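Take a look at the structure set out below.
Chain lettering (A, B, C and D) follows the sequence in which the chains are written, and residue indices restart at 1 in each chain.
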Amino acid sequence: MADMKEPLIPAIGEVVDIRMDTPDIKTFRVVTPDGKKAFDHRPGQCAMLSVPGVGEGMFSITSSPTNTEYMEFSIKKCGCVTEWLHSMEVGQQITIRGPYGNPFPVDDEFAGKNMLFIAGGVGLAPLRSVINYCRHYRDRYGRIDIVYGSRSKDDLLDYQEIINEWAVDEDVHVHLTIDREQEGWDGHVGFVPNYVKELGFDTENRIAVLCGPPIMIKFTLAGLCELGFEKTQMYTTLELRMKCGIGKCGRCNVGSKYVCKDGPVFRFDQLDELPDEY
Amino acid sequence: MRKITLDRLDEFFAAVAGKLKLYIPVDTAGGAQFQQWRAGAKMSDALNTTRSAKDFFFPQTENLMEFKTEGKKIEIIDVRRENEDFAIFGVRACDVRSFDVLDRAFLSEPADTYYQNRREHGVIFSLACSKPAETCFCGTFGIDPANPKGDIVCYKTDDAIYMEAKTEKGANLMDSVSDIVAEDEGGDGESAVNAQKEIISERMKKLPLASLSTDKFGGDKTAKFFDDPAWKSLSESCLGCGTCTFVCPTCQCYDIKDFNAGNGIKRFRCWDSCMYSEFTKMSAGQPRLTQLERFRQRFMHKLVYYPANNDGMFSCVGCGRCLSKCPIQMNIVKVMKNLGEGGENNG
Amino acid sequence: MQEITRDTLISRAKELLASGEVDRVYGWKRGEFCYDVTPALFTDAESLEKDFEWGDFCGANLSKYLVEETRKSEGKILVFMKPCDTYSFNQLLTEHRFDREKVYVIGTPCAGMLDPKRIRDHAESFTSVVSDENGVTVSTLFDGDVKLDRSEVMPDRCLNCKSKKHVAYDELFGEDGGTIASGRFDEVEKIEKMTPDERFEFWRGELSRCIRCNACRDVCPACTCEKCVFDNPNSGVENKAAENSFEEQMFHIIRAFHVAGRCTDCGECSRVCPQQIPLHLLNRKFIKDIDGFYGEYQAGAEVGSRAPLVDYTTEDIEPSDAVKGGDENA
Amino acid sequence: MSISKEPYRPLIVAFCCNWCSYAGADLAGNNRLAYPADVKIIRVPCSCRVNPTFILRAFQRGADGVILCGCHPGDCHYTSGNYYTRRRMALLFSMLDYLGIERERTRVEWVSAAEGAKFAATMNDFCETVASLGENKRLEDLRCKK
């Protein structure tokens, strides 16, 4: 029996680099003890990280699948497991299992489309894997727009990477905004939903991918519908309490769908079929 | 069809217990419970046990793995052991069906090896009911108490028990004890068993809940029932305890927790209840804030969500345990009768 | 049986609703059989007429619901209470869980409720029960009618009823009874007389059946903490695991301890236990000790009385002597 | 298996109130009064800070005996702390005995700051009684066993 692969038994992962991105978000680079990537994943999938004795948590893998050396997780400090993770030092071992959840349909619905990524706060983490995947296979996609907003300038996640790599890419347009005026910031000021309406994107051959706090999703969704977007053109990734990650412990269901197995990526028309319990 | 007379039942149990661990229902102060057979243990003739046989395959608490941590290093110890063979005698038709419900949950991809290993090592002696209780409604879910599934099907008449192996596992076990349980040459076995089947189907029709039907429920009824006004009156006096979920043979939800035992950290799995307030609580909030949402989740899962994911099979087997054990006597039968009746009629 | 009948209660409830004195009624609602009666809220005369139920199986103690229900609206709630419920009602008032003016209490007489589990020991698959002065007739599906004596089917809390006195009511149906010297501590004394090994085996056998469903805590009118320690993950006792004997012992000792001196001995915990563990014997042990060590005390007898565990005298018994006096053959 | 199997030594947890018994323990130490090293002292602000869950948790984690030391009734730094302890522990010990757990495993002792000798004597005596009882088998958590 011990030879059969048990989905709940994790592998050991080692944190080799910790980057303090914002006051409450750190990005952890995890590899196996012998330095390799723990497992392959698709863009948008998640992994269960756990600290023995503290608990387990589901986090989206923020590094792109095309990166084969390591996996990265951007984690905001907001609970017991995340608190413990934030107190870690480099070299600390944790346990990791996955990949879980369905990926973004990067090869079918997204292929050949103009991509519009809209993120708020730590919501950029799940989208970063898709963005870097699309930049890696740049020719498969049309124009890429990234609208990303946060509370303040130092709350912008992966700010260096956005400025030095994304913004300079060909046909990739980055629109950053922060909630309130801040000195040393000459970019746009305002909430993401209003900024999206201001920019006004045409719906022709375009897919929108949203991720952020529920309030931002609600208003951005309304804004995009005003611009004429269809629900079938818009995707998001949900975040509910996930315990087993394999659709058995009965905890993360919205209606008959399990977020950890049938999600976390949902198209908005699929979400409309589900009862509003998320 | 093999036969063993009731007076030689202990010999039969002793023979089976010689081959593998045998559990039989025994009367205790808390109603019938499954206990390991020991010489002299008297089998209870209660209709059903308080705790269902689910416990043998999906135990209330189970160690998944252990961790040893020193400094920054972690060592994972896989504590899984090959289970010994065991047999459970006297499982009723409803509990046998509950194993199918649990199988779909636990053995679907990716299979749960803890559950799977126990399932492989378990032999089920199912026992047809002769005297159903007023709380039984297995007929509503298409279960025939006269023809239960299971590895070996048994029929108990006044003087003997007739057994028929239905699966290969069952046949092997019966062969290994065939010296005690002789083949029934006299042929009166067939007639006795059929007579008993007659009695049961007659009695099933007389049950008060015989007319309960599941027609209005099913996998596609989420929108129809989710905002039904009847949920308010149905759930208003629910205490939020876990009794209905812990006596239910088909409830599959579990929690994974770590216990720091001082000499290492044990990660164990234990039953959890959607009725508990902490079930879906997370650092970012709680999607099911009041008892109404939790109450709704339980019955929507049994009657709508589970069928949606398992091609129409309901996650209830009509055993009636929640009818007799709920502290405030609220249960799935009242929910089925009141949902979709235009809320106000909460009679 | 009670000359006060269901219709007396309904008509009085309808009057109070119509007069606007109360805006909702907490009573019981009929179910499939005679015994599966659910506590329910009624707001209008029509649903009262159709569903309101009152009889031998309305044993649920409704005082705990008032803690939540009084928060939901400004109006008064009409609630019907048996004598033992009123003690829990007073205990909750002592602890300021709701204000007295928001509840209109009608005391109903009680000749002892019936226990479906005990009926089922005598008559399987029963559907209806009719009780009159000379006993109880149970009609079953397959075994015809079974005549039983009332004391055979009453729960222990009613057999050892401690008081027929309503200690709180705005209105009383029937006349008030008095406290009764019942043998409610006999069972406790029987256990105390066992040797330690026998006691340990008895309780290990009983508590090992516990399935940690929390029904005893959730139904107990003395257990009304907003956030129970057993629901708090970092308290260390939250453990849902029925892992081994220690978990059950810990849960039941702490549960009983938290209500020590506040438990009115209403017997709800044993009524709802799905495994029929005699939990009232733990609470009664505390009551017996408190009476023995610190003088007779009945929780809920009068509002505002100081519970024994938040009080002291300078000459209390020393813990080491408390146990020696426990039983003779120590 | 180690050749010289050491003799069984009980594990005792002592809750000592900060103002009296902890000072008593200190005094015992200053006067070089010996008491077994198996006693693990936990300092609490007052003896009534000790909640029955602490005592049960101590047994769960492997303690074989739990002793609760506080000021003599009347000299409590918080005037009535030990009175509540007295009532609370009387009920708890009676319940533990009712459940069949050996009554000698739990004890309450009033030790003032000046009674170093009494502290040492009490600890020695308690250790012997618990050692004679042997390992705690009735209030143990199998998962915490080595």
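One rule holds in what follows: a contact is a pair of C-beta atoms (placed from the backbone, for glycine too) under 8 Å apart; a residue touches a chain by one contact, two chains touch by 3 or more.
Keep in mind that this is a model prediction, so the values were computed, not measured.
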Geometric centre: closest chain by C-alpha means: B
Separation of mean Cα positions, subunit C and subunit A [Å, integer]: 52
Between subunit A and subunit B, centroid-to-centroid distance (C-alpha), Å: 40
Distance between chain centroids, defined by C-alpha means - subunit C, subunit D (Å): 36
Euclidean distance of C-alpha centroids - subunit B vs subunit D, Å: 46
Subunit A residues counted as touching two or more neighbouring chains: none
Subunit B residues counted as touching two or more neighbouring chains: 255, 257, 259, 272
Residue list for subunit C, restricted to those that touch at least two other chains: 233, 243
Touch relationships between chains, expressed as pairs: A-B, B-C, B-D, C-D
Of subunit C, residues touching subunit B in the complex: 29-33, 35-41, 47, 50-51, 60, 65, 116-117, 120, 124-127, 141-142, 205-206, 209, 211-215, 217-219, 231, 233, 239-243, 271-278
Residues of subunit B that touch subunit D when the two form their complex: 259, 261-263, 266
Touching residues on subunit D, where the partner in the complex is subunit B: 61-62, 141, 143-146
Complex contact set, residues of subunit B against subunit A: 64-65, 67, 69, 72-74, 76, 78, 80-83, 105-106, 108, 110, 112-114, 116-117, 219, 222-223, 226-227, 252-258, 260, 265, 267, 269, 272, 274, 279-284, 287-288, 293, 297, 300-301, 304-306, 308-309
Residues of subunit A that touch subunit B when the two form their complex: 1-2, 4-12, 52-56, 78-79, 82, 89, 91-95, 239-241, 243-244, 246-253, 255-256, 273-275, 277-278
